[in-house]
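First comes the structure, then the notes that go with it.
Chain naming follows the written order as A, B, C, D, E and F, and within any one chain the residues start at number 1.
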């Protein structure tokens, strides 16, 4: 089974992304939404965490939430996929289950 | 001036205590309340942070919140002062200002 | 595919309700079904018709009511959570001796069993919260 | 000493209201004055009389009303925050076309200026939130 | 014959409740427990996971008189009576907090996060409070 | 003659607003700004501090059409018109996020957290959202 894990909290503020990555099996998909999108920015001090885990997980980030926070897609870590709400729905539909790390 | 800083979030969950300690001047008092009291436990992986800062700050923890979470006062880090709500009021009154790190 | 949605925070304070609405709209647009939105914890505060957001702001409560009417979505507010937070319909008002009610169009108050039932009947439960 | 209290979360979901109540009680017991409690953000949800918590649980709204009456504390609910969350008194109901109101005894709806004024007049402002 | 929860189809689903927050600072622990109790009435296959600060929900000796809230921790002891017996606690989360199995008020299975990950992957519905 | 905010006593107090959260995920940034605007009407000595994810409140280029919320960031540009000119941003918080002063939509003073600490110690009222 493949799971989708969603994280909605900034990795600077909370442990949700760390907690998610410590319990998501290899092959899982991880989608960053809401304030969590700030974690998808390259050159920030949490970027290495995501870069280092790219062989285990496929990462996604919600575009509308990036735009709201003024983050240019060009500054997103290479290999993190930007999706819109329709893409979010597809991710939920194409995986077997979804867990929200609140 | 001496400030009182209150922190109400677990250091395992959020950056509030870190943030507080990065911006509280030496001589400040730091009071842990609500879920933050779990940070006052000796032997936990965040204890060193508080132990290492004891020369800069005086630490307090709210007893009723410790008890609610089943934490024995005997397990609190040596030198962290346990106070009740009356003691909380006194801390606010005897310092010049109070900042809540939410 | 049949979705169930769980919302655990009130409107405005957290983005949860907004994200849930956007997700529902996108799912419906793709031809999926949203069987039920279950409002739990502070999520029950999505269901009060007493809100009057600023005119240049979105009206989250109305958005739920309209979406539900248009697509036949069951909006269920947990009764126990609603009692703690002051959300009442006519029946609840009568039972608890309140002199009025504040539930908005399209929402109904019911038990937590409705959440478990959604879990059983839906293909996916997606949670939006703090 | 004269205290002002700021509460930024609703009752039950977060401990903020409980902590604020305990702090107020302890301050009053020590002979301090609590001039005003200002309810902002989701804190406005402390002021609805429509709550019916379980019988073996505390009633936070009533606790505020009783404390205010006993000690002459001014309980102020921010009007803008209240409009977003559905807290209305008689005047607000009339102005915004609502068919009822839900504000509890001892609370009044007013502007943010009341918070700034408390900041000016009180010796300390203590904030309780998430 | 297959146990109901081994069937692919049918009314019994695997529900997992993930508890990550300390009790009392927020209501999530209490209201999560309320859902758990209801799900038992639906005869579902229910698991509870306690990770991160959620392990404090099961800490012995909770005394709430001083904060004016109800101590709901005895309810965890009642879960067995509802046939809810799958309580999993993260070993890492306990250790980080200087806690051990002896500090908990109910019998649980202590397991590594990677074991919990496998269990989670095997669920039909995961609810996190 | 001393400026009002240099007096020890009197109706003018030093208010500091500490903004630590990203915008839109929660309402704190917006409702903090609403208090700031009101405090200006009271002619108080107002400072705004942006630290941690709060620095994102001042990020240029916020576009909120996609999330259906109002973009309130232009209001920060209007603060000057209310004589609110003390905007302090943590250097460390910017750096950790790969941001620089050029990314911000208003003129601010970038300073270290220890400088902000000194300012905070000097306030009459500190409000944190």
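Please note the rule applied: a contact is a pair of C-beta atoms (placed from the backbone, for glycine too) under 8 Å apart; a residue touches a chain by one contact, two chains touch by 3 or more.
Here the structure is a predicted model, which is why all the values come from computation and not from measurement.
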item	value
Neighbouring chains common to chain B and chain F, by label	A, D
Minimum number of chain-to-chain contact steps, chain B to chain C	2
Joint neighbours of chain E and chain C, given as chain labels	A, D
Identity of the chain that, by mean CA position, is farthest from chain B	C
Separation of chain A from chain F, taking each centre as the mean of its C-alpha atoms, in whole Å	29
Length of the line joining the C-alpha centres of chain D and chain E, rounded to whole Å	34
Distance from the mean Cα position of chain F to that of chain D, given in whole angstrom	26
Junction residues of chain F, two or more chains touched	24-27, 52, 67, 69, 124-126, 128-129
Multi-chain contact sites of chain C, meaning residues that touch two or more partners	8, 12-13, 15, 19, 22, 41, 57, 80, 125, 127, 129-130
Contacts with two or more other chains, residues of chain A listed in rising order	8, 12-13, 15, 34-35, 64, 84, 97-98, 100, 102
Pairwise chain contacts under the document criterion	A-B, A-C, A-E, A-F, B-D, B-E, B-F, C-D, C-E, C-F, D-E, D-F
Chain F-facing residues of chain B, complex	1, 3, 15, 19, 22-25, 97-102
List of chain F residues in touch with chain B within their complex	18, 20, 51-52, 92, 113-114, 116-118, 120-126, 128-129
Complex contacts: residues of chain A adjacent to chain B	12-15
Chain B contact footprint on chain E (complex, rising order)	20-26, 52-53, 56, 59-67, 69, 71, 73, 96-98, 103
Chain E contact footprint on chain C (complex, rising order)	6, 8, 40-41, 80-81, 111-113, 115-117, 119-120, 125, 127, 129
